[in-house]
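If you scroll down you'll find the structure; I have some questions about it.
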Amino acid sequence: MKEIIQRLKQQFTISNVNQQRVDLTFLSVKKEQAVSLISYLRDFEKFSHLVFLTAVDRVEDIQFQLTYMLHNYNTHQDLGIRVLIDREKAEMASIHHLWKQAGTYQRELKEMFGIDFPGSPRVDESFILEGWDNIPPMRRDFDTKKYSEETYFPRPGRESHDPESYMKSKLYPEGDA
Amino acid sequence: MVNPLSIFIIALGTGFLMSLIDRLHRSVTMLVFYAALTGMVVITGQWLVAIMQGSEAAVIYTAGFQVPFSINLRLGFEEAIFTFLANLVGLLSAMYLFSRFKESNAGAMVLFLMMVMGINGMIMTRDMFNLFVFMEITSIATYALIGIDRNTKSLSAGFKYIIAGGLASSLFLIGTIYLYRLTGTLNIDTMIATKEMIAGNAGYIALFLVLAAIVIELKPFPANGWALDVYQAVNSGVVAVVATASSAAMFFVIYKLLPLLNISMLDLLAGIGIVTFVFSNLLGLKQQNAKRLLGYSSIAQMGLVLTALTILYKGTCGILPINLLIIIVGGLFLNHFLAKAGLFWLTGLFKDQETGKWSAIRQNPLLMFVFGSFIFALIGLPPFPGFWAKWELVLFLAKSGQHIWIWAILLGSFLEAIYLLRWLLTVVKCDIEQVAEVNFQKILPPVLFIIGLFNAGFLMMIHYYSFNPILFAPILMPALFFAVDWLPAKLKGIATILVIGAFSYHVIPQLEGIYPIFAILFLGGGLIQLIATLQAGGKRTGFYPFVVMMFLALGILLKSETTIQFFYAWELMTVSSFLLILRGRQAERHSLLYILFSLAGAYFILVGFAYTFAATGSLTILSLNGITAYVSVIYISLLIGFLIKTGALGMHIWLPGSYAESEDDVSPMISSILSKAGIFGIMLVSGLLGKTLIGKVEVSSLLGWLGAATALIGTLMAIFQEDIKKLLAYSSMGQVGYMVLSVAMLSHLGWVSAIYLSFNHLFFKALLFIAIAGVVSRTGTRTMYEMGGLIKKMPFSFISVLIAIIALSGVPPLSGFGSKWLLYTAGIERGWYLQTAVAFFASTIVFLYCYRLIHAIFLGQPKPKFKNIKEASLWYLVPEYLLIMAIMAISMFPNLILKPLIAAVSVYFPTTVDWNGYTVVSSLGYWNGNAVMYVTMGVFALPLIILILTQRKPQAVKQFNIVFAAERPDRPETTHVAYNFFAPYQKALGFMARPLATRFWTAVSEWTQSLAALFRQIYTGNGQTYALHIILYVVVLYFISGGH
Amino acid sequence: MADILRTALYLFISVFVILNYGLLLNGLVRKIVARAHGRVGPPIWQPWLDILKTYAKRSAISHGVMFFLGPIFRLAGGLGTYLFIPAIYGSVMFANLSFSGDLLLVMYFIFFGQLGMALGAGEGGHPNSAIAVGRGLSQMTSFELPFALSVIALAIQYHSLSITEIVAAQQGGILNWTIFTNPLATFAGLFALLGMNMHSPFDIVLAPQEVPIGPPTEMQSSFLGILQTNRAIFLSAKLVLFMNLYLGGATNIFAMMLKTFMLYMLSVVVGVSFPRFRTEQSIRFFLGVPTLLGLAAVIIFML
Amino acid sequence: MTKETKHNPSILENNGLPEFERDYFCDARPEQSRPLAKYIEKFLNWARANSLWLLGFGTGCGAVELRPLMTARYDMYRYGIAPRPTPRQSSVFIIGGYASVKTTKRIIRSYEQMQQPKFVIALGSCPINGGMYWDSYNTINRIDHYIPVDVYIAGCMPRPESIIAGFDLLKKLIKEGQAEGANKYIENLDWYKANQKKIIKDWNMPDYNW
């Protein structure tokens, strides 16, 4: 793994290399270099499998963190590539030309986070939120409970509790034990 | 009476004078020139008339001495015809060249005059040396005239001509010298009288050399490359003379010398002729240049005439029967002469001689008519002389047992037909690229010749038919319709209906047995379908004449008592239907296939009839009954001929395209009526020749299997079609297969079912085709999956199609079940169990395409494209509902049709069915169509009433209100299931519907073309090679002829 | 007039009996299959309830005239088929209208209903309907071939296509039945029966999980009720036909019930034992062994 | 066209469809169906109750609990219950658990395509009050705001025994003539439609799916 990182460092500006397990490493790369890095990994380092592509909403930093998880079948190594992109203008280069299935992940990210991948096939079609007209629901500034209460006719009489205190009171009704 | 010698005097005199006169003014020269030519025509014409009225042949002795001291000329009947025609061509060609002569110097006119005079001389002279002189005069004049266009090509062509001419002349001269040495005379008559002196090797060589020279001048294959270059390069006006008159003169020389020849030489000549005929026509296949194509055709035709003459001469041992001579040789010759000269003249109208670029001719209806008539004349279709000549020739050959010749001649004719028709088609169908230079003097000659051709044809017809108006009707009626072709189409349509109605009224009562039934089928069915043609607006030029011709020909087909009448009607029917199919927008290739297969079929019929004549010496059709000789040849030839018309398996590849691509209101006639002509023919012959055996197998059982296979494969092909008319076409093929099967049973029930099937097929297929024509006229597409859901827009058409498919598929209670019941009962009764099973299998497959047809068009999802579509025009609906009424009538009361059928057929076979009220009882089962109808009505009405009474009113919903797996359909186009509807069937049984026959025929065609290309390589265009060809040819000929 | 009334009464009784017999057969078989599964199964009168319920639907939709008439065509086909078959040999009441035509008529009248239903389903506009009709027709062509061969063999054997005469020829002992006198033809015919009954493995038309449920996808309420009625009548009609052809017919109603039940059990047993064919497999199957059997049956007579 | 239809109460507007698609769908407003005379209706209700055809549409996780019903252990057939693959022929619609907005759209469509009388059984807590998805942005809380429900079976998930009990209850309701959800739906069609349209933003279907 180290050799790979070494080789990568010669060509790309990578940072935050973090080997979490023997077979799992994360690294960060700049948005501009991400696609070429991934292509390099796929074509020269035999990371032929895109395990997933997902996003984390770092609303505090006004950033999205994309994670491309790649897998090498020869060495059984996983490599996660983290890319930070601007939250206000959430846009990232598509990698559907590398893996056809990446298009699906990107469609989902567009639907749930509003991250655009220009050029990705059918990226504007929704999977499940047909005709959604609010902010994308996976963004952390979207209040799902409020939305649900406003939209879906909550049945009156439903109570909700803090699970910890509720279970405590149920299991130990007489107080601390 | 003017002395024939004056021809030469006029020609020579004016020839000498002309250069003097020319100093005065060109117009004077031309006046003299045309006057001289006219004079020659008049003189020979006058002699021709005189001799035909009985005066003696003129024999002229020059210088007043008797032979051998003088040269004598003869102007008898034959000479008069030949010189008259030659002079006529000369005059007309001169007129044709009017503008050319006006510009060139007087020498051209002198040369032209010399050429014509030389031709006259060659025909008239009876002296060998004099003949040589005239040949040289002609050759030199021709050579000089070839250069009239003054381009490299014509100059080089002229050079090749002079080489060939020189070779031929020297051979001729040497031969003549030998002959003179042997006989001591140059006079041909004296030579004939002292024929025995021309003996031994010397005699043989002498004759051989003379003959070889003349043969070379007749341009035999393969030593004829030079001639083709001449035909191609030379001015049209000149080549018209060279190709017709000069060749005619040469041919006449051979005719003169015939008595000198022995049998082996006659054989040789006939062989040369036939080889030239077949191979020239083969090479013609690859030809794209119109003049060269005509060149091939000319050479071929002369070969045929030569063959015909020598065979006739040999077959009758020198005593030529004048009738046969006139009809066969005269007919063939005249046909070729007039048509070829005319066509060569027509070539002059175009700069570019590419056959594909001739389309401009169709802008001028007159020229188109002339052109088409010439082509049909050359192919040998009635009423042109070639038709009668070919008929007599084949009859003669069959009678004298010369079998191979028949096939060779027919093969050659067929090849010729291919390229001529292809030419015709490109003219009709290609885009117009160049402009025809039409002026009066260029059009008059061909027009005159076409009139001549028609007249000659009519004369021959009168000879055969002694002017029977009914038999002339299929030619005269269309002519009448052509004359009024400027009238609106509706008017002509009504006139057509009236004419055919009157004709039926006249003809049907005269017929007996199964004939009136077929007459009702052809003419009655035709009358109903003609109503549909009234939908067309405008003028529809060139449609009704052929419709009239087709139906009248069908009528006289039934009425004909002799084989020649039958064949005549058959050919007329073929050609008229071809012209109707040709009208379709994309019909080019398909109509060509149709006419070629039909022609081949017609040739088989011709062969069959010829052998009938050979076997019985009689021309009546009934003479087929009980003949002993040639039975299997006759039976099989006739069967093949008729089977091609029905589109039996293997010979069906013309069928789908022709049915599908012809105009929408023509398709029903072709499919539902014309194919029955084949059934009628099969019935006719198998009724008379029935139990013929080949080896130990009955022909009829082979026929039965062929019918069953046709039914199966036709039906299978039908279910895989996306084009609705193709589907119907293949369906017709399958249905006709049943008819062939049941005819072949040669039993009472079999024939009854065949005719019943024919009627039923007439009704439902005409109904289907007309209804589909209505639909197609509205939707503008024939592809089924593009339609859909039209039931709501075109309910009446839907009902038509529904009734038709019920009748087609044989579901009770409609008439289709009757046909199935009869067919199976007949098959089992006859002991043809497996065939019946195949037919049953096929008839279940019928359901597949029936459903596909109605579902894809009328059911399923309507398309937005056809949102505002209207019901089909009333002109379509009226015949449809007449046909529905007919179907309903015979379904409700099968007796209406079955009783007459059973009675008519019981003339031929003992009946095996019985009647019990409305019930037909066969030896196996019974069927009461009437009761079935009532029961069906009952079981249908009862639930309907119950449903209407008990059900609460259902909500009428629209096309997308379907349960679509909880989704909604996206678009009608993607929701309508119609494309490749029977995909699983394709997987399971698609291998049976592979286009094997198409592949076979394509291979045949490709191999023929390659063969032609291979042979064509000998024509290098090099004069030396051509000279070598000639020499080699003579040498080879010598060895072949068993030279000593 | 009295004649007609009597005939009408006989026909009514005959149809009534066969309808209820068909429903009973249906219920019985459901029960038997359930027992074979180790279930209790629906009550034996479940078919009557189902049919009643469907007729009792309060609303209905129609896609057009042909859609409306489709089920009626279907029922007319079933009724007609039954009425052209003499159900019980020697019985006037159950001779039905067999004087109208012979075996060929019956064979073709079977198509009447199928064609009509296919048209009705077609106008429904549902893609599954059209696909299933295509499948059904394709399969139909292939099982009709062995059946036709079998019928031809019978026609040769008995010199008749009249069903009454065929039954008459089989009277007088169990060994006179076609199944014993002409086993080849019988087995070819029985294979065809399996296809006609469209139980698994030949249930490619209704084919749950593939084209659920094929042609009647859009049919509901009374339309479906009519189809259910027809299913009972048509099923019995087919069984009666085959019983007449191969099992010596029946001289009384109980013999008829017994024999047709046995015939139907054949379909049921095969049905629960084999998974479904694909369409082209089914076509190839019928054109294989069954057709060869039929051919053999015919060729034996030709030798 | 649209103006006229506003005045015609028996025609639905089908506003959700583009102009060219309105031709494809029926726009009639459904009418309530009246029961027949008392005893006949009672008899027919008995038949209906004993011949319940389920719509084979597993809308949520509860659909897994329906499978055991068909097995020999529970054998729903003995109660006259049988699955049916098309809504046209079914009479009982089982909402098998949570319903996302997307599924709800399909549920409504299928429900409307069923012929009257038709019955709905809602399975599990989710259709009742949202269950564990009560605050989800994409899962409805109460199915009875969108289609009428005859029987609720609580649980997460209810076992087959409870489902059979639910069917028993439904049968009882039918026999008593109380299972008139379809008529209720038609009567309050505008209310239901307003609720449906509130959550289904891309209403690309007619107002009533015939």
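So that you can tell them apart, the chains are marked A, B, C and D in the order they are listed, and the count of residues begins at 1 in each.
The rule is short, and it goes like this: contacts are C-beta pairs under 8 Å (C-beta built on N, C-alpha and C of every residue); 3 or more make two chains touch, one makes a residue touch a chain.
Note that the structure is a prediction, hence the values are computed from the model and not measured.
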item: Pair of chains joined by more contacts [C-beta pairs], B-C or A-D; value: B-C
item: Distance from chain D to chain A - Cα centre to Cα centre, in angstrom; value: 38
item: Whole-Å gap between the CA centroids of chain B and chain C; value: 54
item: Rounded Å distance between chain A and chain B, as computed from the means of their C-alpha atoms; value: 79
item: Separation of chain A from chain C, taking each centre as the mean of its C-alpha atoms, in whole Å; value: 61
item: Chain B, residues touching no fewer than two other chains; value: 952, 955-957, 959, 961, 963
item: Interface hub residues of chain C, defined as touching at least two other chains; value: 58-61, 217-218, 221
item: Junction residues of chain D - those touching two or more other chains; value: 30, 33, 86, 88, 210
item: Pairs of chains, among all present, that meet the touch criterion; value: A-D, B-C, B-D, C-D
item: Chain B residues touching chain D - in the complex, by the definition given at the top; value: 864, 867, 952, 955-961, 963, 966-969, 972
item: Touching residues on chain A, where the partner in the complex is chain D; value: 128-133, 137, 142, 144-145, 147-149, 151-155, 158, 160
item: Complex interface listing, chain D residues touching chain A; value: 100-102, 105, 128-130, 134-142, 145, 195, 198-203
item: Chain D contact footprint on chain C (complex, rising order); value: 30, 34, 37-43, 46, 49-50, 52-54, 56-61, 208, 212-213, 216-221, 224
item: Footprint of chain B on chain C - complex, ascending; value: 55, 58-66, 68-69, 71-73, 75-76, 79-80, 83-84, 97, 99-105, 108-109, 111-112, 114-115, 118-119, 122-127, 130-131, 133-135, 137-138, 140-142, 144-145, 148-149, 152-153, 155-156, 159-162, 217-218, 221-222, 226, 278-281, 283-284, 287, 294-295, 298-299, 301-302
